[in-house]
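The chains carry the letters A, B, C, D and E, assigned in the order they are written, with residues numbered from 1 in each.
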Amino acid sequence: MTVPAPYYLALSAVLFTAGTAGVLLRRSALIVFMSVELMLNAVNLSLITFARLHGSVDGQVLVFFVLVVAAAEVVVGLAIIVDVFRSRETVDVDDADALRG
Amino acid sequence: MNGVLLSVLIALPIAGAGAVAFISPRRPAAARAVGLAAAVIAFLVAAWIWAAFRPGRPGLQFEEHAAWVPAAGIGYHLGVDGLSVSLIALVALLVPVAMAAAADQVHDRTKGFVLTLLLLEAGLLGTFLAQDLVLFYVFWEAMLIPMYFLIALWGGPARRAAAIKFLLYTMTGSMLMLLAIVAVYLQGARVIGTPTFDLPALAARPLGWTPAVEALLFGGFAVAFGIKMPVWPLHTWLPDAYAEAPPVVTVLLAGLMAKAGAYGLLRFCLPLFPDAVRAWGPLFAVLAVVGILYGGAVAWAQGDLRRLLAYGSLSHMGFILLGIFALDIQSVQGSVLQMVNHGISTGALFVLAGILIGRTGQGRTDAYGGLAAATPALAAVTLIVVTSSLALPGTNGFVGEFLILLGAFQTHPVHAALATVGVVLAAAYLLAFVGRIFHGPLRPDLRGLPDLRPREYAVLAPLLALIFWVGWVPGPLLDRSEATVRALLKPRAVFVAGAPHASMTPPPAGVERKGGAPVKQAVTRP
Amino acid sequence: MDVVLFGITAVCALAGGAGVILSRRPVHSALGLLLVLLSLAVDYLLLGAQFIAAAQVIIYAGAIVVLFVFIIMLLSQAGERLGPGAFDGPVAVRFVAALVVLLAAGLIALVTRTPSAPAPVPAAFGTIQDVGRSLFGRYLLPFEAASLVLLVGMIGGVALGRRLGPRT
Amino acid sequence: MTWNDLAAAAPETILVVTACVVLLQDAWATGAAPEAERRGSAPAWLSLAGVCAAAIAAAPAAGEVAAFGGMYVRDGITRLADLIALGTAAVGVLLADAYVRRMRLPAGEYYALLLLSTTGAMLMAASRSLIVLFLGLEILSLPLYVLAAIARRSTRSQEAGLKYLLLGAFATAFFVYGVALVYGAAGTLDLRVLAGQPPSPLLGGGLALLTVGLGFEAALVPFHGWAPDVYEGAPLPAVAFMSVVAKVGAFGGLIRVFPQGLPHAAAAWAPMLQGLAIATMVLGNLAALPQTNLKRLLAYSGVAHAGYLLIGVAAGGPAGTGAVLFYLAVYAAMNLGAFGVLLLLDRRGAEADRLEDIAGLWGRAPWAAWTLAICFVSLAGFPPTGGFIAKLYLFRAALGAGQTTVALVGVLTSVVSVFYYMRVAYVAFSGEAPADVAVRPSPLAGAALTLATAGVLIYGIIPARLTAAVQQAAALLK
Amino acid sequence: MSAVAVTAVLIPALPLAGWVVLGLWGGRWPGRAAGWVASATVAGSFVAAVALFESLAALPPDARTVQVDLYRWIAAGALAIPFRLLADPLSAAMARLVAGVGMLIHIYSIGYMARDAGGARYFAYMNLFMASMLLLVLAGNLAVMFIGWEGVGLCSYLLIAFWFERPAAARAGVKAFVVTRLGDVGFLLGIFAVFGTFGTLDFTAITREAAARLPLGGGLATAIALLLFLGAVGKSAQLPLYVWLPDAMDGPTPVSALIHAATMVTAGVFMIVRLHALYLRAPFALDVVAVTGAVTAVFAASAALVESDLKRVLAYSTISQLGYMFLAVGVAAWAAGIFHLMTHAFFKALLFLAAGAVMHALGGETDMRKMGGLARPLPKTAAAFGAGVLALAGIPPLAGFFSKEQILGEVFAAGHPWLWGIGLFTAGLTGFYITRAYVLTFAGPPARVHENVHEAPPVMWWPLAALVFLAVVMGVVLEHVVPLAPWLQPTLGAGALKSAGGAAAAAAEPGAVHAMLLVVSVAVAAGGIVLGWLVYARGAIRGQAPVLGTILAHRFYIEDLYDAAIVAPSRALAGWAAAVDRGVIDRAVLGVAGGLGWGGAALRRLQNGYLRQYAAFVLIGALIILAYWMLRP
């Protein structure tokens, strides 16, 4: 491993931040959701890096579980988004403001 | 039997409430009868306790001590001593009185009313009997909820605001007290070794506070009690609550709940924070005097019957507060007695206010006038109660206020002098009250107003009897509290944990008094 | 070599990330996400995580992104509305930008303080055998739990995807 | 995996198996007329049986049993958390039955998700590894997203699901990042090993982000934004259930991470938790003040109670942990009771969740009004209900740990809370019942309410046993 | 219990029982039954009082002080107050006087109140008053005295406001009560100070230990004496607390006679005499008493000059005469004070009852400007009133002469020529105003025609006649036949002997001086009468002094001053306090609540339904706690 670990970690941080920005700035539920996936991927990169750093496989195992969780979340999430779309004809999260106060 | 008598006393109203719960709402008379029966039985038990109470002993009697939450050091510890024995009798008396008076005044959702009233009684009794800090707090708060509902559901037009104001005010105080209780407990655990909320155990020895901490904790308790009494300037819930609650409920609010505050100061603050009480006593004495004068002045300016009485009550509670913080045997004895007295006379005043308002539906004094012509008996009874409230000798109020002022004069002459001016103010507003309602030409719309009914006589009779009885023969009451008060004022000698009966030899009553003549000795020639 | 590869993948990943959050159309975002995933898979390889790299390509790229694209196609009208939404005033955007920059700065400051010297690792580190042994050994409980997660996903999909009966 | 491992995780196993059975039964039994039965539907009874079995499995106090290589521990905390979660599940099932049938929700899926979510909460409380904690969190929250959205005909339910899901996923990302940083700092995901680590900035950053994820689930301010909206939009029984179970999981996790995982670094994390607790109590209670929608009001109330619970976590040690456990038990009872009463009401086939809908309840269903009153009085922290004892323990823990400020804020905000709680109780006892609101009692819901009320009162009047159990459980932390 | 004890208890107990009975059942009795029952109880008291007097008289002088302890009343700590009566020459004499005059007035009231529907209530109050007054007189310690003290005050209030439907009467009642209570503040504080000093409130103990515990002229003694005197000022309507008494005339006239002339208002004098030992330790306080008395005497007499209401003239006269009494006790002439108290009780009660008879005849009229020439239709009344006039003016040999002379002699002998001068001047004024009242009422031409003017019925007339007799002879009797001063000597000790009558005082003076004083004083009094006669009956002197008249008519504007300086500000203060209560204290509380509500509303706006906003919250929270961890030292 010749690339210093902080590089990976910084990349991860930037990607995580990018995902955060996507969640905060985008109005399409799909894109928001993809931004979350981006964040999870960024985390995964950190985990893999740390796993390498510590020489333990734990981090990699966790990444595996994150993948699983992401898959399950996507299934549920997309089902909800589709449902929302069916009744509203839009997936704009700003339209989901009936519940407030 | 004596071993569980206090529990029985508390359980009786609860059982009554349980019984009432099973009565159909369509049979209000039955609910009222059952409720009254429970309250009267409780009164009989309380009267028995009062009669069987042995004066001259500072410690707890009829004590009950059981583990409640042993893991947390919370005990089920009940007991009466000189501070509380007359108060529980007062509670047990005023509740049936209020309930009976309510028969003519509350017609709506009677079942619920009776039920709530009984729950309130249980809370009140428990408050005066609990000897464990948490148990006390439980009862202290348990009074609140029924009272909230009594005001909020059966009160006047602005009842909701008044009820919630009352609740939030008192909650603020009690929550601070809760923190202080916990702090006392923690310190106690450190000093004593075993964590306990038991008051006698905690009060048995100094807990080694720094003055600042002790003052803070004392403040926590004092704010709670001060709000309940109320102490100026924590009183502004009072006029609203007193005026909006149904008058019979105000009887309990003014007659009993306010006492819980004063009682708490004596029961908890004096033994737990003796140094802070002495350090901060002057401040409270000043607040008491301000309350006396301020309450009197504001009462004088009130146009509403119950607000007038409410501020008058504030003024009167100021005397009790002054008596407590004068820390003199006479003044504290006077305060203890005056708690009972004020319960009787203010209770009676609000019963009367309820009768008036029930007759006319009017709360403002200018809606009345000349009623003495239409309802002479009502006027006469009111007058007697007013004299008691004015502390005229021969009535109960005199003995209490006289002792308070006499005692306070010895330690705080200026305060006492100013407080005595409050006596004049009391005359001003109370006679203004009598004057506006009963004197002057009879208003045409009040003509034919019915005079006291037999049931109302029955309600008032015990109170009137007590007014005179305590006024002329206060000895039984004073004797019951004397030993306890004496012990209370003697720093750190009071509560011997666990063995209150055994340790103290009661000072022989009457022997060591200066210049006193033994009882019933007919003629002495100097 | 590694550094070059990392540079390329980093650039690709950042570009992909930008694509995810900046594309007008969701499908472009999905493609951006795909780019990120593949770039990171390469990085995983660089970091000795062969199994995860493979899983990344198979599960993420092969399943998740495909699912996204599938749904995007299904909801073809679901383009984002143009113009500022309720939460897109200039102040809000600047505020969000500030927050995001702060986050990035904080995180970078945090992670770059870590030591860069990696621990020595055995040759089999990160292989399927290595990870698999862990998964079915020490990590059996999480593995079972992960199956529960998938079970939940399945039930959720069924519960929410099933055709609705007639309204009563 | 050994049999011992499985035996230790028997409650979870039973629940999972039950969930599968419920699903299968539901698949077989499609077509049966669901509305007619008053006795309750088969999935409900099955779920209930499973929950009871799991509770029996969870009930014995067995000291401390570590399983699955130490990632899972069955100790006093697990036991209590399990019992609370299972109680919540049982009451949740009982409450849901009539509603699920009335609203034609997919029963099999509903109960299966409920059971799985319970499993997740139990896993979180039992976890001694951040991986298990993470997966437990997901098993807890994913079903909740679905449950929030499960009333698919309601756009509000959909909106609730969408918000919950997206924000939940967002927070999960923070959580995992936190796990990653902790892992980076400590080189381990094992909480037992973590306990020996010196605090470092990286570890701190990890803990911070970890707290975001757990705080989201617990609805701590400022991670609480989802809660009011989701509570308002999601179907009532689901809200009743999630409002409790999410807190059980989240606080189980918080206990495992902070007081138990990092006792030596308490000076570092306690101020953070105190700050969060203060913010949560203040904002939660203030925001609840103007609410007139009861679900929303209870949502903010739930936020506020998360703040109170956090007092105990911040205080740490046996006292704080015990207080949290006690509070969770009481909170479960009183919150389920409060929601449960709302479930009895029906406004033309929809939920009756406005404040004015409960007006005059006393007149038409006195027992419901009394239940409501008792639960709200307990929420407000008055004796003689469990809410009081629970708060007492919390404040004791806080003062015992020298955390006076947070205790002070706690008591003062409690006073504020009295305003809105008692207003609800007042409305239930006064006024005229609205004509379009009907009371629909059902035996199962009645049983649920009885259970909840009994809990509230028992914890308040005879709390000795629970106190002892809680102390015993928390004594591990010494 | 000894006979003395029994009688001493019976004296107040009988009217008390009467009150209870009348209060509970009197309203249902027919006709005048209530009046007779009430009179009977008082008569019983009178008999008992006489019996007490006689049984004391039967004892050797040193044994004439008997304490009667009924029971332990109030006890707390070192304070032990038995319910104690004190039967000694002073209280026996006072009890006999009070019960006697009271009995006569009760009987008179039967006739006077015959037409009033509230008779039972009236007599109940009167009985309660008698009980209180007798208790006051017989009290063995200050606390028991205070029972009576406040009891009479209450009855005064009740009876002034007896015709409660008249707003003026109701107001006057309240005024009387509140103003006297103002004095009671001092009285109470005095009691407290006595307890602080003596450790007891017992009269005999105070008398015994005063010299030991209080240094002569010390601040403590002066303070106690002045505080107690404040109570006396209120109760006995001295300057500056006199204002309630004229208004009190709105009550029934027998009430005015009994309470506001003969008995209650003299309680202050009695109290000082009772505590004479204490006052002797405080010469300055005594001087204050004397000066207050003198100034009040002349002030009230001058106010009476221009008063046009018959009863009010008598009221000012009472104030003035009370001033005399204070003047007497202020120079430590205890017996003289009590002597005047007694004679005054007779002739002032007589005057009031006669005035009552006039009012009875005129249907309640009291304005003298509407009277005149009533001697013709009411000869007996006029004669009775005339006797009262002469007694009051101090014309020998009527009662007033002796007591007044004794006072003036003592004052002069005590070396207070200025005070003597004031007293003398007052004597002249007294003669003048009472003559004026007589003339305006009975002499001259009728101012207007009154229908159906008739003499009082026998039940009213006989008490009147009895009082005429007493007013005429009691001076001689108490001076010469049964001398008061030696009788009081066991109580008053050496002080009483010192003031053993004008004769004794005169013995110290050169005979010529004494004779001259006597002549001067009688001359002045007679001069006043003559002048009054000339001015009002003959219209001889028509000199007008409008300014002086106006000032007098407004009582030197003292009441206006009170209104402006005390009453109005108090009311304003009360109103202000009420406004503060609502506007400041309560508003502060509501402000907190409002602030919380506002916070809730603001938070509600923050919760705007936008998911991305919530995500921003999460991010902000994350940033904050991240910052916490990173910035932590």
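By definition in this document, a contact is a pair of C-beta atoms (placed from the backbone, for glycine too) under 8 Å apart; a residue touches a chain by one contact, two chains touch by 3 or more.
Quick caveat, the model's predicted, so the values are computed rather than measured.
Visitor: For chain A and chain B, what is the smallest step count along a path of chains that touch one another?
Guide: Counted as steps through touching chains, the separation is 2.
Visitor: Quick check on the contact network: minimum steps from chain B to chain E?
Guide: The fewest touching-chain steps linking chain B to chain E number 1.
Visitor: From chain A, which chain is the farthest off, judged by mean CA positions?
Guide: That would be chain E.
Visitor: Please flag the chain sitting at the greatest distance from chain B, going by CA centroids.
Guide: The most distant chain relative to chain B turns out to be C.
Visitor: Between chain C and chain E, tell me the centre distance in angstrom, where each centre is the average of that chain's C-alpha atoms.
Guide: 100
Visitor: Can you work out the whole-Å distance between the CA centroids of chain A and chain C?
Guide: Roughly 5 Å separates the two chain centres.
Visitor: Could you grab the centroid distance between chain B and chain D? Build each centroid from C-alpha atoms only and quote it in angstrom.
Guide: Each chain's C-alpha centroid was found; their separation is 42 Å.
Visitor: If you average the CA atoms of chain B and of chain C, how far apart do the two points sit, in angstrom?
Guide: Each chain reduced to its C-alpha mean, chain B and chain C end up 69 Å apart.
Visitor: By the touch rule stated above, which residues of chain D touch at least two different other chains?
Guide: 131, 135, 138, 142, 145-146, 149, 152, 161-163, 166, 170, 181, 184, 201, 205, 228-229, 291, 416
Visitor: Hunt down the residues of chain B that sit against at least two other chains at once, touch-wise.
Guide: Each of 168 in chain B touches at least two other chains.
Visitor: Can you list the residues of chain C that touch 2 or more other chains?
Guide: Answer for chain C, listing residues that touch two or more other chains: 86-87, 96, 99-100, 103, 106-107, 110-111, 114, 139, 142, 146, 149, 152-153, 156, 159-160.
Visitor: Considering every pair of chains, which are in touch?
Guide: Pairs of chains that touch one another: A-C, A-D, A-E, B-D, B-E, C-D, C-E, D-E.
Visitor: Note which residues of chain B are touching chain E in the complex, please.
Guide: Touch list, chain B to chain E: 165, 168-169, 233, 235-237, 239, 294, 297-298, 300-302, 311, 328-330, 333-334, 370, 372-373, 376, 380, 383, 387, 392-394, 398-399, 402-403, 405-407, 409-410, 413, 416-417, 420-421, 423-424, 427-428, 431-432, 435, 438-442, 472-475, 478-479, 482, 486, 510, 513-526.
Visitor: Quick check: in the complex, which residue numbers of chain C touch chain D?
Guide: 106-107, 110-111, 113-114, 137-142, 145-146, 148-149, 151-153, 155-156, 158-160, 162, 164-165, 167-168
Visitor: Would you tell me which residues of chain D are touching chain A in their complex?
Guide: Spelled out, the residues of chain D in touch with chain A are 130-131, 134-135, 138, 142, 145-146, 149, 152, 155-156, 158-163, 165-166, 169-170, 172-173, 176-177, 179-181, 183-184, 187-189, 228-230, 232-233, 291, 293, 296.
Visitor: Could you pull out which chain D residues touch chain B in their complex?
Guide: Touch residues, chain D against chain B: 362, 377, 382-384, 388-389, 391-393, 395-396, 399-400, 407-408, 411-412, 414-416, 418-419, 422-423, 425-426, 429-430, 463-464, 467-468, 471.
Visitor: Across the complex, what residues on chain E touch chain A?
Guide: 604, 607-612, 615-616, 619
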